[in-house]
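By written order: A, B and C. Residues from 1 in each chain.
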Amino acid sequence: MRRKSGPAWLSVLTLSCVSLAACGQPAGPAPAAKATSPPEAAAKPTAAPAQPAAQAPATPAAKASAAGQPPVELRFAWWGSQDRHDRTIKAIQLFQQKNPGITISYEFAGFQDYFTKMTTQATGGNLPDLMQQDYATLSNWVGNSQLLALDSFVSDNTINLSSVAKNSIDGGRIGGKLYAVNLGNNSQTVVLDVAAFDKAGVPLPAPNWTWADFEKTVLDIHTKLGTYGAGPTLSDQQLWKSLYLGYGKWGFSQDGKALGYTDDQPLVDYFKLLLRLQEAGAIPSVQDEIAQWRTASVEARPIVAAKSAMDYMWSNQLVAVWTAAGADRKLRLQPLPRPVGGQSENYFKPSQFISITAGSKHPKEAAMFVDFITNDVDANKILLGERGVPIAPAVLEAIKPLSTPAQVEVLDYLSRLEKDNSPLPPPDPAAQPKLIDNIYLPQLVDPVLFGRISPEAAVTSFRKDATALLQSQ
Amino acid sequence: MIAVSRPARPRLSSTAITSIVFHTGVCGLGFLMLYPLLWVAASSFKPPDQIFTDVTSLVPTTFTLDNYAQGWAGFGGISFTIFFRNSLIYAGFGTVLTVCASALTAYGFARLRFAGQRVWFTLMIMTLMLPVQVQVIPEYILFAKLGWLNTFWPLLLPRIGGQAFFIFMIMQFIRGIPRELDDAAAIDGCGEFGTFFRIIVPLITPALVTAAIFSFYFTWGDFLHPLIYLNDPKLYTISVALRTFADPSTVTNWGAIFAMSTLALVPVFAVFIFFQRYLVEGISTAGLHGR
Amino acid sequence: MAGVAPDSVSRQMGLGASARPAAATAARPRAWQRNLTGYLFIAPWLFGFLSFTALPMIGSAFLAFTDYNVLSPTLRWVGLDNFQRMFFNDSRYWRAVSATFSFALAAVPLKLAFALALAMLFNNSRRLVYGYRAAYYAPSIVGASVAVAVVWREMFGRSGLINNALAAVGVTGHAWLGDPSTALWTVILLSVWEFGSPMLIFLAGLRQIPSQFYEAAAIDGAGRWVRFLRITVPLLTPLIFFNLVLQMIFGFTVFTSAFIISGGTGAPLDSLLLYSLYLYQKGFKDSQMGYAAAMAWVLLAVIACFTALIFRSSSRWVYYESESEGER
């Protein structure tokens, strides 16, 4: 009897699987919430990028009729660590108190797993209504029509961005439409261990220091103290792109289909600088970097154990570093070095975004939550800028008095940068992760720093391979 | 000393020496084997500003239990009590299903002859060879269609079929048992089911115990499936919860991770200790062998 | 060697290696009855396979011929493009292949030898053996925990345990995980370190060997070594065979250890870019699930060939107490 049921199962499932593989998804019935069926969504399975645009105007109207009656259920997913989970869950509870008709269920994961989970959910048409997004992945998700354009909610003030600086909003704009709202600003920085500088008798660098100053400082500290002058991951792709910001350019062209610069010399010079420092033992060698730091969490950085006097990272990571290093340490944030006579290499980057998925059945309510997390002072007193410096000025003012010394240094650093920074570059092209994993690190950075190939040759072939990949996307 | 005492009691002293060599060697190597675990356990008692500043020492200079308190608190009110419960459900039911189904199937493949046997066996071995990473998405789509997301069904139901690893393993044990025993049972009027339950099952106890130990540990540690199928944090298993502590870009509470990682090993280890007895008792059944 | 030994042992024990058919043929059931019983026994697996495993497998085979990118709702049939690109146009693919072969060739024999040796060592009733067994098995239960990644990094780091120990004997340290020539060895070591499962299987097998065999051999004056070669090894061959097949499959599909040690990148210089890791990168990070599926099926084909070879050879060296001419 059982034997017979096997093939029956098989045929039914084969059918469903094939039909599904053929048209992909995206809007199968979300099985968890069976309450409503998705009539419009099912009707247009393969409509490509036009879809979110078509849906956006339709939804507020549909909402108006439904508003008020049955409780609306939303799902929100994010990545982060324990601290973020705790704070976000509390903020969600506050939102539910303030909006009795809406409940939000939530799910979270570590960063390494988050996109695996979300990608899989996308295939089953089971994405949450709200999801946290990364600057590096945004283009890809928008390009595949998974996210909803938010412009109509901004114009009807459901999401109030009137007080927010344009620079802090535009990171979420792709092809002229806003797909994601910045959850907090961030900028690259060099953390200085003030005590180490004092001990070495090396003066703290000026805010507009150059890469030549950087090299000298690193070497001075290394000779005087014997520790590393600066930490690992100076070949990070963010620094490559920012390097060209100093020349008024960027790693990628505006449309993301080519490299954004024509002169390879600055990159060659930069690798030569790294090779000199590595040779001198003033920064960790590439072997040590890969072995211990490239993918490790910030708590393991050498500056934590006072093994290096400077360390490159993102401004919001200072909190973690300071916690691990101990409260008695004195750390300070310094802007990135720049080319001689060049511009600032710093810009305000959205540390992460919140976005609404294209399949959401309650985009209006989801947009209300986006507004809440952006503008609500009470909510942000719970969140305390853990995701980055809040973009709404009123919120920023309100949380300042509640912050720890590390958080205050981060807030101050970003306000110091206000006066001198470069405009926000365009979001990374969709092929960016591919470029970094398959070309930038394995074919350029590592072979050069291992001494397998000259910087000149590697940079030339990088241009060739990267251009081919960017054009093909 | 050996030479001198030889006429008197040679056996004893040479056993003593063997014994000392044995224990010293095993302890030395054992320390190396355990070092990483001891490191994790030691770090779980260090305050957060010592874990990465005082990396090599196995003895915390300041001893704290805070990590355990903070870790156990979990996320936003969902504590490790819940994660432990979920893992026990998954690993417990999963193991029972896997071992029972695997044993039955293994007997079928090892002892019986039927049409299509080779094909099915080959297919079964093939299921071991396809990397799980590419099966995840079609499988997810299947369970999404069945409406089973955010439940334990996608995790437990496939276990109804046992797992190829265990089926094959138990088969190998069964094939090591002489057939005269089955034949004797057949003469006594047992059918195949009788033979299986009365003769084979007692004889393969060590194999079933081994399968239970592994299955429990594999399931306990299984991360990918719970990550994908369980959305509500109240359903998360330990393996998922442990990885949601860590974020490379923001504050990671490593002390809590180490503390909970240490605790997470306890049930798996307990299962091993508990079942180890049966591994040894298996020997007594060997008496049947000589008849 | 193994083929001869057990026969003589069995004869000594008065078992008669081919006593099998006598009773079985007497009450030979009809074909349909045999088939029914057979299918009843494998019914659980068959049900599980047909309803939950077969479709995802077929699905992934289908995807291997498409440009499926996971996020996009559309996909295109691309024929053999994925395979062509893999074989002729992807240098990292070949690096992954070579890293995987190196890994499997080193890790599988090492792990099996270690497991067998320790199982032998712990197959006695000395005091403390319970404790030892538990201690040696302990590393195998930590699996893919995040904590292990950190420990491994710290142990093999510039000022970690390994370098400190080497410094004590005057050898200069080394960035083990960062040097392309040593990084793979640390992953091999991690995999050998978790040798507990084959060890337990061997132990359970050793426990199944009737002590009468050894007693009889001892009476005949066989020494330790002879007993090991003539009794232990032959009677353990079904499990050696099992462990060999399974560890080989695991060796080729290994993912977790390389993933946690290299943080998912395969660095340094792709020396840790094991096949499954590259496949995961392609499928989930680069959104090329079609390509990943194609890679997976090529891997399956390769493993299947090796497995078939081992199965073929098994009739020559695997001895089944229940099957006189060693079928299959």
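Heads up, the rule we're going with is that a contact is a pair of C-beta atoms (placed from the backbone, for glycine too) under 8 Å apart; a residue touches a chain by one contact, two chains touch by 3 or more.
Values in this document were obtained by computation on a predicted structure and should not be read as measured data.
Averaging C-alpha coordinates per chain and comparing to chain C, the farthest chain turns out to be A.
No other pair of chains has as many C-beta pairs in contact as B-C. Chain centres here are Cα means. That of chain A falls 39 Å from that of chain C.
Separation between the centroids of chain B and chain C, computed from CA atoms only, is 15 Å. Centroids built from CA atoms put chain B at 37 Å from chain A. Among all residues of chain B, those that touch two or more other chains are 55, 136-138, 141-142, 243, 245-246, 254.
Residues of chain C found to touch two or more other chains are 39, 43, 46-47, 55, 58-59, 63, 70, 150, 154, 157, 284. Counting partner chains per residue, chain A shows two or more touched chains at residues 13, 17, 21, 25, 112, 116, 123, 295-296, 300.
Of all residues in chain C, those touching chain B in their complex are 13, 15, 19-20, 22-24, 27, 31, 34-35, 37-49, 52-53, 55-60, 63, 70, 121, 126, 128, 130, 132-148, 150-152, 154-155, 157, 159-161, 164, 193, 197, 200-201, 203-205, 207-212, 235, 238-239, 241-242, 245-246, 249, 252-253, 255, 275-276, 279-280, 283-284, 289, 292-293, 295-297, 299-300, 303-304, 307, 320-323. By the touch criterion given at the top, residues 19, 22-23, 26, 30, 33-37, 39-40, 55-56, 100-102, 104-105, 107-115, 117, 120, 123-131, 133-139, 141-142, 157-162, 165, 167-169, 172-180, 182-184, 186-187, 191-192, 196, 203, 206-207, 209-210, 213-214, 217, 221, 223, 239, 242-243, 245-246, 254, 257-258, 261, 264-265, 268-269, 272-273, 276, 279-280, 282-283, 286-287, 289-290 of chain B touch chain C in their complex. Chain B contributes residues 48-49, 51-53, 55, 70, 75-77, 136-138, 140-150, 227-228, 231-233, 240, 243-254, 256 to its touches with chain A in the complex. Residues 39, 43, 46-47, 50-51, 54-55, 58-59, 62-63, 69-75, 92, 150, 153-154, 156-158, 175-180, 183, 262-270, 281, 284-287 of chain C touch chain A in their complex. The touching residues of chain A, counted against chain B in their complex, run 13, 16-17, 20-21, 25, 28-29, 31-32, 34, 75, 77, 79-86, 88-90, 105-113, 116-117, 120-121, 123-126, 128, 295-300, 304-306, 314, 316-317, 319-320, 323-327, 386.
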